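Note that the chains are named A, B, C, D, E and F in the order they appear, and that numbering of residues resets to 1 at the start of each chain.
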Amino acid sequence: MKSKDLRRTGMEMRQKLLGEDGQKALEKLQKHNPKIARWAVENLFGEVYGNEVLDLRTRSLCTVSALIALGNEGPLTNHMRAALRIGITREELGEVIAQMVWYAGLPAAIRAINILDRLPGE
Amino acid sequence: MKSKDLRRTGMEMRQKLLGEDGQKALEKLQKHNPKIARWAVENLFGEVYGNEVLDLRTRSLCTVSALIALGNEGPLTNHMRAALRIGITREELGEVIAQMVWYAGLPAAIRAINILDRLPGE
Amino acid sequence: MKSKDLRRTGMEMRQKLLGEDGQKALEKLQKHNPKIARWAVENLFGEVYGNEVLDLRTRSLCTVSALIALGNEGPLTNHMRAALRIGITREELGEVIAQMVWYAGLPAAIRAINILDRLPGE
Amino acid sequence: MKSKDLRRTGMEMRQKLLGEDGQKALEKLQKHNPKIARWAVENLFGEVYGNEVLDLRTRSLCTVSALIALGNEGPLTNHMRAALRIGITREELGEVIAQMVWYAGLPAAIRAINILDRLPGE
Amino acid sequence: MKSKDLRRTGMEMRQKLLGEDGQKALEKLQKHNPKIARWAVENLFGEVYGNEVLDLRTRSLCTVSALIALGNEGPLTNHMRAALRIGITREELGEVIAQMVWYAGLPAAIRAINILDRLPGE
Amino acid sequence: MKSKDLRRTGMEMRQKLLGEDGQKALEKLQKHNPKIARWAVENLFGEVYGNEVLDLRTRSLCTVSALIALGNEGPLTNHMRAALRIGITREELGEVIAQMVWYAGLPAAIRAINILDRLPGE
């Protein structure tokens, strides 16, 4: 795929997953570090999330799992919000968190529960 | 669910995911630390993997993602082998690894590729 | 031990270590993820902390050591407060932190000092 | 070198890198954990930063790289500020951050960009 | 304490904890990086392990806990061997490992069990 | 820069840093995961290492620092070998390792010393 097409696909995937907040974050990133912004759009969102070998639901839960293990609160919040946005339920996220107790430990899981609890939604 | 039923479900899930190797590992664990062995069977494999809120494919890829991020080679090998055993393809695992480049870094992803490369299969 | 007894032991140990704050945290956990709440009470606090092979002082300092290494600020705060609650002195905590400089690095140790400094006490 | 000389060199290096804020942090550390304070001054700043096998610019960027990988926000902020203080440019820090995308992952790099963005300076 | 005394205390503590193997490791370290060798003897083993605010048993179990969380296999092996050498039992180590399941995750705990299983002893 | 040029620059930088071994590793990566191989050549080695805002010596030591902190032995070995290849001395690497004692802990630093000790060279 050409760079222009990757960019378009990447922007669409970002919109689908991260919504308006992701747009603002991208503009900021673009201003401060355009190289990283390009990688995030074309390579991560275009080539990875935009690739249909795995469906978006699975990709979203894999990212949430890795971020629970890595323990970086900001991106974990954004990606749990993204999961809810694409239709993953709170019950499903709760199951991934319960699974992560065993790989990443109880404190990492409880942090994820607290983040999920603060996210708006029905 | 009663403890006896959790144990049966857990043993079935372990067999499905980890096969005979998992059985031997469990016997060793049972001998050295029966409490942890019980948690692994009843709580992790019985209550988590045996729970149908998420399908086994999704759970397997979430575990692989977390283990790539955590970087513990033995369990990552076991769970990539488990993924292949339940029908996840090498192409799908390769996509999860490509996704993890962006969350866990390139060295962590390359380790996973090397492990996958050494796993037997068509 | 039966589940009912583990639950009672676990609740007692939680009260001893985490006090009223731990009670509120548990209620929240119970509401959002009852499975994890049960594991935390019965398995971690009942079977582990309630087990007398190791005394509570030693267990508490081991948990503090691991949490300094893992760097998760919320649980580290709770478990340093728990250490003070069961009679471990600030001087003793300071020694564990000095020991952790060498295993987890200076920034992780200084974070623990700052947390300890903010904890109320004589 | 004698302890007295290491102390003087260490204090000078701390002043050069961490400025007045570092002085206040040291006084607090000295009060709460004099042993760690001595190590930080004499061993880390005296023997390491004060040692001319590597120039200060290189040392500063190595510390920033390690702290991006370790993900501890407070010390990362202090050491990115230190880098600016000794004349490393925002463009150079941005390049180190772009390099760290590949070793520590995108979320760790974006955290560093956000910290850098909040640091005062022309 | 003077540097000469710290050195003597440190060497004694190293001998007590790490035995002959520790002696060989130290000689190698001394040859390759004398500064780090001095810190390891005088500061870590002399000032920390040689300090009686905490007894050696407690210090040993804290180190084992942190190393299970950090996942560095070589030092974890050395410090579990050290724990056995100073009279901590396999049952006690097994309890610390069970406790660490909840903070560092099951894979980290199972690695520790496998290491303990390979250590010689009655 | 166009993709073709990034590729050429990236291949040159890889050759300079990783030599023949890096060439073989790349062929393997290309076969198993061409997307990651392209990122490694064009984005990491082409856009990052090939970018002259920072000189190669500094970049190399930053990567070594991050890999000591992250604790992944294979890539750390490759990048310490790369550092020697581009003319960084063993004494300079020893200084970076001594610096990392304070950020990543003593066990992480000793692992790096052991790796460096096994690397061939005068």
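The rule is simple: a residue touches a chain if its C-beta (ideal position, glycine included) is under 8 Å from a C-beta of that chain, and two chains touch if they have at least 3 such contacts.
None of these values were measured; they are calculated from a predicted model.
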| item | value |
| --- | --- |
| Contacts common to subunit C and subunit E (chain labels) | A, B, D, F |
| Superposing rotation of subunit A relative to subunit B, computed on C-alpha atoms, to nearest 5° | 180 |
| Far-end chain from subunit A, centres as C-alpha averages | E |
| Chain pair equivalent in interface to D-F, over half of contacts matched, among B-C, A-C or C-E | C-E |
| Chain copies touching (subunit A, subunit C) - same or different residues, decided at half shared | different |
| Pair joined by more contacting C-beta pairs (A-D or A-F) | A-D |
| Farthest-lying chain, centroid of Cα atoms versus that of subunit D | B |
| Distance between the centres, which are taken as Cα means, of subunit D and subunit B, whole angstrom | 40 |
| Distance from subunit E to subunit D - Cα centre to Cα centre, in angstrom | 29 |
| Averaged-CA centre spacing for the pair subunit F and subunit B, given as whole angstrom | 31 |
| Multi-chain contact residues (two or more partners), subunit E | 35, 39, 43-44, 47, 67, 70-71, 98, 101-107 |
| Interfacial residue positions of subunit E with respect to subunit F in the complex | 28-29, 32-33, 35-36, 39-40, 44, 67, 70-72, 74-75 |
| Touch list for subunit F against partner subunit C, complex | 101-107 |
| Contacting residues of subunit E [partner subunit D, same complex] | 3, 35, 39, 43, 47 |
| Subunit D - residues contacting subunit F, complex | 43-44, 47-49, 51, 53-54, 57-59, 61-70, 91-92, 95-96, 98-100, 102-104 |
| Partner subunit D, residues of subunit C touching it in the complex | 71, 94, 97-98, 101, 105-111, 113-114, 116-117 |
